[in-house]
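Per-chain numbering from 1; labels A, B, C, D and E assigned in written order.
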Amino acid sequence: MRPLLTALGLAAAWELLVWLTGVPSYILPPPSRIAAVLADRWDLLLDQALWTGAEMLMGFALGLVLGAALAIVFAASAGWRRWALPLVIASQAVPVIAVAPLLVLWLGYGMASKVVMAALVIFFPVVSSLYDGLRRTDEGWLELAHTMDAPPRAILLQIRLPAALPAFASGARIAAAVAPIGAVIGEWVGASAGLGYLMTQQLARGQTPLAFAALFVLCLLGIGLYAVTDRVLRRLVPWQSFQGD
Amino acid sequence: QDKVRLLLDWFVNPDHAALVIAKQRGIFTKHGLEVELIAPADPNAPPKLVAAGQAEYAVSYQPTLQMLAAEGLPLVRVGVLVGQPLNSLVALEESTIKTIADFKGRKIGYSVSGFEEAVLGAMLESAGLSLKDVTLVNVNFALTTALMSKQVDGVIGAFRNFELNDLEINKAKGRLWLVEKHGVPTYDELILVAKRETVDVGRTKRLLAAIAEATAWIKANPAEGWALFAKYGKEFDNELNKLAWKDTVPLLADAPASLDRARYEAFATFLTKRGLIKQAPPLDSYLRDIN
Amino acid sequence: MARLVVPSLSVRNARIAFDGHLVAERLSLEIPAERTTCLLGRSGIGKTSLLRYLAGLLPGTTRAAPLAYMAQQDRLLPWLSALDNVLLGYRLRGDEAARRKAEPRARALLAEVGLGDRLNDLPRTLSGGMRQRAALARTLCEDRPVILMDEPFAHLDAVTRLDLQDLAVRLLAGRTAVLVTHDPLEALRVAHEVRILQGAPFTVGPAILPPGAAPRDPADPELLALQARLIGELRGSGPGDLP
Amino acid sequence: MRPLLTALGLAAAWELLVWLTGVPSYILPPPSRIAAVLADRWDLLLDQALWTGAEMLMGFALGLVLGAALAIVFAASAGWRRWALPLVIASQAVPVIAVAPLLVLWLGYGMASKVVMAALVIFFPVVSSLYDGLRRTDEGWLELAHTMDAPPRAILLQIRLPAALPAFASGARIAAAVAPIGAVIGEWVGASAGLGYLMTQQLARGQTPLAFAALFVLCLLGIGLYAVTDRVLRRLVPWQSFQGD
Amino acid sequence: MARLVVPSLSVRNARIAFDGHLVAERLSLEIPAERTTCLLGRSGIGKTSLLRYLAGLLPGTTRAAPLAYMAQQDRLLPWLSALDNVLLGYRLRGDEAARRKAEPRARALLAEVGLGDRLNDLPRTLSGGMRQRAALARTLCEDRPVILMDEPFAHLDAVTRLDLQDLAVRLLAGRTAVLVTHDPLEALRVAHEVRILQGAPFTVGPAILPPGAAPRDPADPELLALQARLIGELRGSGPGDLP
């Protein structure tokens, strides 16, 4: 109920904004027009949304796994960290147009190259947050483990990792929110399908309302993934208290 | 049946009419080809991927081919889809810009193609101006949007078969300067390229024959052609493509295998003079006459 | 236990300092093997630091033998149940057979500290004293030749405290144990030797040997006399920061 | 010394990769060619790097401020959170091509629109992390403040905020790493200068080595900003212990 | 102090439970105004819960009057110096004038608890007992009519403990104070009333009134006799979970 009200309120505010600022509708269509397009072309949008949703989910899953694995490796080994951390940071500065041909060359035009590109965007918040969490473990626990003759591996997996789960959750939340744009960026690689493709195609030729309808669906995907992730993540850390709703 | 991957230059649009119709009407199959059309998002990637062996053919542009050839990419032109420039300089009709000379001190938008400075420079010089007299702004793909919202006073890189229609749909009228009439040598807008070492002449012949046949059919049945094209994908069935279709069909090359070497010679000279390529590679290194 | 060599602990010419703040200097100390030594001293004098020194937890120190260290804080892992916390050492060392063997002992220990019906509860649902008892059980479950404990009974009521002192005496027998406490009577009840830390930087006083076998009767007048003496020594021995 | 060794090692690995996979140099140039271009065109690259660097720094600064402010607002007010949090999440799904015309319309082609676009990318990790940190304050401290009759504002600013600084630092680290791509994305909004602009241009002309030289400089900017941010952030939380270097 | 109304505290027909786990039911209790009441009880019986009930920290409870609450953990803010931690209440309430006025008192209190030379140190550089003393100073500095303290001296050595008991008696005079402790003698030294919690769910025993004025002499035989009685009562009163 409440989310619906919020959505309606936001749409009204937007309609008002368009009306007040007099933004032409080929730049920012009013929600009423977007709604009309949504109603009219929902089959097309649904088709593309399925593509993008699939890319998004796969990229998210891959990003989470890859990010968590890398963070653990970094926490475990100073050697790896020294070599690979700069690479991981540098990877975030790489625009898709520079690597798109490379990805196609290695992975073909199919979904794989798109998912990999999406994961490249999505994995970083996870690595960074989790690694951050892993390196600020409570000293007391580490001392305890140390006096227990725990091997570093066990300390990492049984103490530092669970202790860093809230940090992981933080990173995963960011990852969930950027997953849709990751998928859209991925759509630049390889063959054309998906909401990002539809948007680019429509915008390039002035079909703004349809493009914004696609954008709206994309935003819904993002908010949905975030909401689900947020729920699941809270379960992940039952010993942690949360303020707010 | 030969399996062939053909990379389009961009998203599917009426410029690709012959390819789409040849596929839809089974003309490729008739010529013993099973063609997969792949639309990328980045117009610059296809020729590189062809050079790297990731596809047999790509749709590209003559100037791009010549620049890439100068950079040593092993590409050859094997055919043509649109044998004349589509590129043009556009301003709003309602604006104060009536001639190219009126652009002095104005902003001109473009979408990166790699040679916009060369084309625009030549056009401006034909009117006694130079690139220094205007401000160039990369507006990426939002050419008409930038123009209509008056963020720029003109755009270069607008396709004559598209952008005017786009303006029209949005209730604006454009004024158009054709590049080839204002100091730029004429060139082939859309061509087919293949990898130099691995061109299969026989197969290419069949491909071009199929395209020629499709082109002929389209020109004979433009309305039916549009209906078929609109069925290729839900996203292609829109007002703009419908209008553009009408303007594009007459421009499709009747003889895709034809080759005008002089055109390439002249344009190479133009690019060299404009500083886009240091040294023009020999024509034979990137042109392959399929006939 | 029999299989383990139970060592004495010795500190030779040690220096303990925290950026400029000198806690101990030229400190030498012998902790006898298979005996329980209690350390007494004013708050902030350096008892915890000495224990950490012995545990090899201070920079530049190493420990002499496998040990179990019970810190002043309970250091329970919030995501593990009481039982799993007690078995933490075995889980960490990854020896599944040893862990399975230790589990009945862990359960028994938890029952002995009064948490027999809270085995599967998370630490956050336990009271402060319960948490301390769980930490005590964890330390004793480790089954090490050397055991260091920092105020292990601080949060326990008088009665539970007596019971657990008895438990500790029983389980520390044959091990080298060092126990920091603030309660002189507690020290006198359970220790073979009591030592008082005094001054800043601190020095360790001579060993005081309460008579008889631990656990001793807290109402024993001899013990009470010794207690008065300890309190007297403590009173004149602050780290210099009490008025 | 060590970073240099790492860099050399990585370059060697890359050269080997190019050599082994036989990737054509117009798709992935070997580092030796990029180095040559770097040496040859350093003045051009420096010019563009200054632009992009400026956008990046401004976007980063704006992103940090905006992100922190929003997180605090969200933590302070359930009302705002309910309305604006979905918007903030949705904002991360918006591709630059959809908003570029709007930004240009409102802010023109100057630096402002690029910086705003960059900030839009950069601010999210900060909001998300900080807000996450703000809502998991130690219950004990909150109880303490409660018994002290602290007004919610004071609790937020004097307890929850300092306690959430490590979470903020986590977000800021991610923000620092994505700042360069933020700037590049910003350059999509009508640029005529900058490394991203240069890259697009050169890739279109087949000048891949120069494009990758620009990419290399961009990565350096990213790693530099990350390193500096990491240092500064550790100072920010002096009471927190860090494992690892 | 004079300006504040010092209230009594009353609990009427209260129920305290944590998901299914019942701690107290139909509990009624009167804590007299301007008196110090000490609560004794076995570990885990519900002392902390009762204190939190009185402080209005349990769901569905509110507190009766402005109060200062010293928890079982020190809860010092790690980013504030000892002095700033002591002044935390004033900083949080944002009354700059009050804060300035309170600062000399904070300094004096820190000196009295033996931290006069550690004013600007961060909590992490303090020993466990020092942290507890800082928390005590913070609680006493709050200058509230009602003061609730949960094992405030648990980490202090015998001598410091006596000194700080004296300090507490002095500063709690005229306030309504509830103090949880595990040391019966401590309760008898400082309290006007001592109450024992027993059983599960717990009930609160009748008020025991040690004779004379606090702080009392711990060697007083009457007190020692009372202590033995208290221990006896505690022994037979576990929450049922000790063997």
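Methods note: a contact is a pair of C-beta atoms (placed from the backbone, for glycine too) under 8 Å apart; a residue touches a chain by one contact, two chains touch by 3 or more.
Bear in mind the structure is a predicted one, so any value in this text is a computation, not a measurement.
Top-ranked chain pair, ordered by C-beta pairs in contact, is A-D. Per-chain Cα centroids separate chain A from chain E by 49 Å.
Chain B and chain C have Cα centroids lying 83 Å from one another.
Chain B and chain D have centres, each the mean of its CA atoms, that are 37 Å apart.
Multi-chain contact residues of chain E (touching two or more other chains): 73.
Counting partner chains per residue, chain A has residues 27, 97, 101, 105, 200, 203, 240 touching two or more of them. Of all residues in chain B, those that touch two or more other chains are 44, 48, 52, 141-142, 145, 149. Checking each pair of chains for touch leaves A-B, A-C, A-D, B-D, C-E, D-E. Of all residues in chain A, those touching chain B in their complex are 24, 26-27, 41, 43-44, 47-48, 97, 100-101, 104-105, 108-109, 187-192, 197-198, 200-208, 210. Of all the residues in chain B, the ones that touch chain D in their complex are 43-44, 48, 51-52, 64, 67-68, 70-73, 107, 109, 112-115, 135-142, 145-146, 149, 151, 276. Taken in their complex, chain C has these residues touching chain E: 18, 21, 40-44, 48, 72-73, 111-112, 114-118, 125-130, 132-133, 150-151, 154-161, 163, 182-184, 230-231, 234-235, 238, 241-243.
Taken in their complex, chain B has these residues touching chain A: 11-13, 38-42, 44-45, 48-49, 52, 54, 141-145, 148-149, 162, 166, 169-170, 234-235, 238, 240. Against chain C, the residues of chain A that register as touching in their complex are 140-141, 143-151, 154-155, 158-159, 162-163, 165, 238-240.
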